[in-house]
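When the chains are written out, they are named A, B, C and D in that same order, and each has its own residue count from 1.
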Amino acid sequence: MQDIQYEPAHPPLQHRFAEVRDLSEALVAPLSDADASVQSMPDASPAKWHLAHTSWFFETFVLRDHVPGYTLHDPRFPFLFNSYYEAEGKRHARARRGMVTRPTLAEVLAYRRAVTEAVLANWTRLPPHALELVELGCHHEQQHQELLLTDVLHLFSENPIEPALWPAPRKQPVAVPPPIGWIEHGGGIVEVGHDGEGFAFDCEGPRHRALLHPHAIADRTITNGEWAAFIADGGYREPRHWLSDGWAWVQREGITAPLYWAEGEGGGWTRFGLDGRRPVDPAAPVTHVSFYEADAFASWAGARLPTEQEWEAAAAGERADGGNQLDAAGPVEPRPAVAAPAFFGDVWEWTGSAYRPYPGFRAAEGAVGEYNGKFMSGQFVLRGGSCATPRGHLRASYRNFFYPHQRWQFTGVRLAKDL
Amino acid sequence: MQDIQYEPAHPPLQHRFAEVRDLSEALVAPLSDADASVQSMPDASPAKWHLAHTSWFFETFVLRDHVPGYTLHDPRFPFLFNSYYEAEGKRHARARRGMVTRPTLAEVLAYRRAVTEAVLANWTRLPPHALELVELGCHHEQQHQELLLTDVLHLFSENPIEPALWPAPRKQPVAVPPPIGWIEHGGGIVEVGHDGEGFAFDCEGPRHRALLHPHAIADRTITNGEWAAFIADGGYREPRHWLSDGWAWVQREGITAPLYWAEGEGGGWTRFGLDGRRPVDPAAPVTHVSFYEADAFASWAGARLPTEQEWEAAAAGERADGGNQLDAAGPVEPRPAVAAPAFFGDVWEWTGSAYRPYPGFRAAEGAVGEYNGKFMSGQFVLRGGSCATPRGHLRASYRNFFYPHQRWQFTGVRLAKDL
Amino acid sequence: MQDIQYEPAHPPLQHRFAEVRDLSEALVAPLSDADASVQSMPDASPAKWHLAHTSWFFETFVLRDHVPGYTLHDPRFPFLFNSYYEAEGKRHARARRGMVTRPTLAEVLAYRRAVTEAVLANWTRLPPHALELVELGCHHEQQHQELLLTDVLHLFSENPIEPALWPAPRKQPVAVPPPIGWIEHGGGIVEVGHDGEGFAFDCEGPRHRALLHPHAIADRTITNGEWAAFIADGGYREPRHWLSDGWAWVQREGITAPLYWAEGEGGGWTRFGLDGRRPVDPAAPVTHVSFYEADAFASWAGARLPTEQEWEAAAAGERADGGNQLDAAGPVEPRPAVAAPAFFGDVWEWTGSAYRPYPGFRAAEGAVGEYNGKFMSGQFVLRGGSCATPRGHLRASYRNFFYPHQRWQFTGVRLAKDL
Amino acid sequence: MQDIQYEPAHPPLQHRFAEVRDLSEALVAPLSDADASVQSMPDASPAKWHLAHTSWFFETFVLRDHVPGYTLHDPRFPFLFNSYYEAEGKRHARARRGMVTRPTLAEVLAYRRAVTEAVLANWTRLPPHALELVELGCHHEQQHQELLLTDVLHLFSENPIEPALWPAPRKQPVAVPPPIGWIEHGGGIVEVGHDGEGFAFDCEGPRHRALLHPHAIADRTITNGEWAAFIADGGYREPRHWLSDGWAWVQREGITAPLYWAEGEGGGWTRFGLDGRRPVDPAAPVTHVSFYEADAFASWAGARLPTEQEWEAAAAGERADGGNQLDAAGPVEPRPAVAAPAFFGDVWEWTGSAYRPYPGFRAAEGAVGEYNGKFMSGQFVLRGGSCATPRGHLRASYRNFFYPHQRWQFTGVRLAKDL
């Protein structure tokens, strides 16, 4: 939730709203009704659900709450499309979202259009707080755009015929990047967290002082080639590198490589992506690794993961809207680094920081206060966004978070070390 | 699998083949691509899978094995659409059938047409054994038609908005049937099992002598009204009526009524069916009860379930193609009895007989030998067919079988007692 | 429960009661307090629980119900030591029996003595029905003696140091028995079930006519050597031999040999028994196999399991108290056959018959009516008793029953075939 | 693991070693062999295992590694009694520790004596590093003494008759403590972590600077009376107070009160402790609450949990060996506070800090390096020790850690708030 003092600039917001709504629909254009309806695991949601839930958010918090006389598009939808807002009443069980074959994809797209049009039709009558909620809703929808892509990728990976969402021409191999360079920091007090200019989620603030210790942070992320060396060196078979929970996970799940990797028939690794199954590109950033794997790799490499404060201090000078991020519907995947440093885009970078409240954090009031704070246990912070993050969505203070075993997002690794 | 000596009459079989293939497609006409693709539980399969699997059966055992030079419609399909034939190689995990959003419903329907046309185009060249397999395939597909309907019903029941596959006008109430009449049998040796005339599955034979003990069998099945009395009398709360496994199931799953029943807001029971949610009709046969429930009801009523031999002896004189069975796509549900006795149609009747081989049983050779014999542990025999069984599919010797906790089929209860 | 008309002979019963009570205590003499208290799996119970539960049975159904003024030894014990009698009220969860470290073994032995003495002290005042319950209690306790031994065996097998309950000298190898001989039966009506003379459990009756079909039954059980040949021929890797549920069990549990078998370091199979780990004796009957394994072996051997009626007809002429059964505390294990036929002792023999009620069966009234009838789903009948069955406990009509995956009892295989 | 530069004072260490070894044995004096052998849940271990494992630690890292010619007491014990040291080879599965009824308690006590005597007999020949390992072993054993008590408490709580380890006279009620006083801190840089004087575990260092933000910390922990008010106010039924994972845990496990609390028959709460079941003392610190509960309580109270740095800064001036800690075998339970502040003893206090490495942390080399570092994911830090912590074991820098749902330790709550 944004800070209270924030006053959104109206015309750009309206434009942004329309753009965000359009992008979601462009992303699902290649999906069949079934593609959009099936849920491949409890962590994932059907694409149709993402489309509807993001609309429910606008319908509930903007239209229902701020447009007098607004009538719900369908009174059955709040039960179906609320995600986890306890304050908004009962809702459909998360793990059963894939049972909702009706409404169809076409009906959900109609719901979307109705909500979009109602917001636009009432735009000039919306009070400032409602516009703040529109902005929040845009950022919320951008988060779901990324989830939608990673959830479709997971679904397609479960289909033995491995469909490609966006078939793409084979890439030319790129030279493997040079060795990691280390960006040193002598330690001392820095400021981190959102400074109140523009939108931010509540968990990014308040801005506060943090004490860094002398350290160095890598100028690029780990590549697939480096990960293959970790595998070849027995990285997944040597408990010494692993956190205890991580080792239990490796054993229980039979983990031997990043998610979607498989050994090709003629040797060599392949990976499944939104463009189908392809050879692993050794020059590209490794992705679809869990925190446990990231931590084990760092241990094997004689390094560690950066803290989120170290990361933020290093990334502060860089443009958050640069790098390989999502601009439009079409193939997305991490790309080989061309110039360092690049802290934004390609892959979310696991930090060594547990996702916990900042000093002085208070959740927003009301249902939207459930947005972030209640998830602050058991998860780790990721920074920097990915190739599937809509460009314009990120900030240096942006805190993403997942459980340490999860890896169906575009997650990767940047190393750090003590000085 | 049919008996060796059987010689199918060619022209009627061709006609039958075409009819069966058509009916499957008619049944799915109201389904969306998503409706046809989602799997609601491991016991159920997507409608699309049923459509494809029944085609795979013809393609594999008829076209591939008996049509020289036949090329598979899609080489990826055998892996996707083999059900459980170990002899036919590896296959997709049953519980993950719902992940196969591609091929789409349209593509599967195209596969169906291609297979149907290839069978018909090669008809006159098919050797007699292949025609036997065509007949087996027709019976196989009829079984899947019934499963398709019950699987769709289960899927729709999991959707909070409870769609109706075939909306239907509200029925007029019918007078509750008179008390059960008892058909007495003095005991002695009878012949049961298939006599070799016409098609039968291998598990129905060989025909053999069986010794009955003096008993009586009810002239109709239990009604919803009688079941409601069982509930009202605390039937689901009194362990004394229940088998030990059944009581554990009731406790673990929180069972308090037949599947799809719910208490209406204004009191009274409702049930969900292929026509949506409706009030329970007290005059209609109860359905969607497990063997455990059937056995507990019988115990509560001071009776027992019939053995399959008692059932078959009683039903032997009746036409197997009579009663309320599936004639065409459209609403199906058990209907109030109008005249007794009626042993066929409406609901599958749980017997007290474990599904085990008959004396002298031998499974058919080859992959189709996996059709029945390997399921002969842990399941109970049901007799008589249901409102969702395609008319023409049944025989007095027909043995259906399910696990004692399963109840998503149209399963009901007929009582018997010792004399 | 015994038949109503039965009148127990008083002095022999008193003697029998004392002997049974003594044997239980002799069996646990080598056990430590911990050995007697730990529960190794939900199917098994601690030895201490068996000792106390069998005493609770006498205390409840004889002393409490038939001795005016009797005061419970400890009012907390009924909750702890009721097994599954719903009519006797709430009880401790079966899977948590191993939590009851107090009362100690010594306290439970004191409870036993107090109950034994109270029964004997009140003997002459017990009404006939109470004496019937004493006899039932003796048979009940004998059943628990066998369970106690197999439960201790399972517990010790879970201890990495594999203690021996009764260390025993190494046996001399015995000549492998000659090939199976087949006892033929031409079919026809036979009488099976208990005839009302002497004690029997309710499930053994009523005696009734059964129709046998022409068949042959083996004159001995399968040996370890024959089982090793099944393993060597890939028996556990070939789905064709297995029931579908059995194959799923093999895959899920990673089953490759009978329970307690392991491959020795120098090659060859070893097995764990009450005398510790020893080489498998190829001449001895195979034991600790499940119904699924028994059925798969029979399929591999081109035979089938006998029905329980076939078994009973074949065994009817033999003394039920012969063969290798439990006479006293001390090493028990199946022994090589020396003379055929021998239908009693060594190993319980899986039949192909599901455990279901006989024609005309009615459970006994009251709590003891829960003894058998409520278990009549999902289990298979075993016949003939084992090396761990107390001698004097068996009858030709005796029906034991277990689930098809269970194999911690001394269970083995006798083949049959159709003629 | 202690710091390298540490040089233990020899005579006091020898004395300390003997005292620690004695206390373990005194704690188990009231236990039966079964009490000492049963494992009540995978998180807990049998008392016998604790006794043996702590001996294995000395035998392995001191005797085997530093006493030439030492022969293992029993070569089977390392497999049985290694806990989680991957570098020390295979070991018995944690969840099956309760299967080890042999060796008996008496045999394990003999093992203890043999190890203790061997260490003492070789004392003067032990190199300095071995003495460091002795000291580590003493601290290690003290940790297991606390676990032993809480594991026995859990085991006894699972027994329906709820035995008391140490029956104790009923306490006189004590006046409820005054309202919480708040100790304010203006923020700024403090030093935390172990300073290298005396023993510390590796995770307590290195000592480093930390930046505190202005805050206040409570001068006492939350009482049972305050917790009862939280319950009465619907604290366990209101999702708003709870972390998302915590709410899921409450729902899944049916949590309605601290562990071991029950509603008394005449109203009012009781709790089970090492002295049996007793009324809850409203003046005593609440204990056996999870992190989730602690966090929810703080949220309900409009406060938060302290960070571990805030806690350490506040506690730094207090003696770590004061308060209600374990001095000898005998009843232990949290006691009403008499004077504030008291940061040590009574209950471990959940902090809001995830258990993660300090800046510059490096795990010790070798197997003992697995002591702490590998557990640094998913757990939260607790500070201050409890009534069951052996006195002399604690330091201000001491970091204990458990998963957020665990609550069988003596865990409680101290509040903090932002200024």
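Note that contacts are C-beta pairs under 8 Å (C-beta built on N, C-alpha and C of every residue); 3 or more make two chains touch, one makes a residue touch a chain.
What you see is a predicted model, and the numbers here were worked out from it, not measured in a lab.
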Common touching chains of subunit B and subunit A: none
Chain centre separation in whole Å, for subunit C relative to subunit B (CA means): 38
Distance between chain centroids, defined by C-alpha means - subunit C, subunit D (Å): 46
Geometric centre distance via CA averages, subunit D-subunit B, whole Å: 59
Residues of subunit A whose C-beta touches two or more other chains: none
Arrangement of touching chains [line / ring / star / complete / other]: ring
All pairs of touching chains, each written as two labels joined by a dash: A-B, A-D, B-C, C-D
Interfacial residue positions of subunit B with respect to subunit C in the complex: 84, 86-87, 189, 208-211, 213, 215, 239-240, 242-247, 291-292, 295, 304, 352-354, 356-357, 359-360, 374-378, 380, 404, 418
Touch list for subunit C against partner subunit D, complex: 32-38, 40, 48, 76, 79-80, 92, 96, 98-105, 155, 158-161, 163
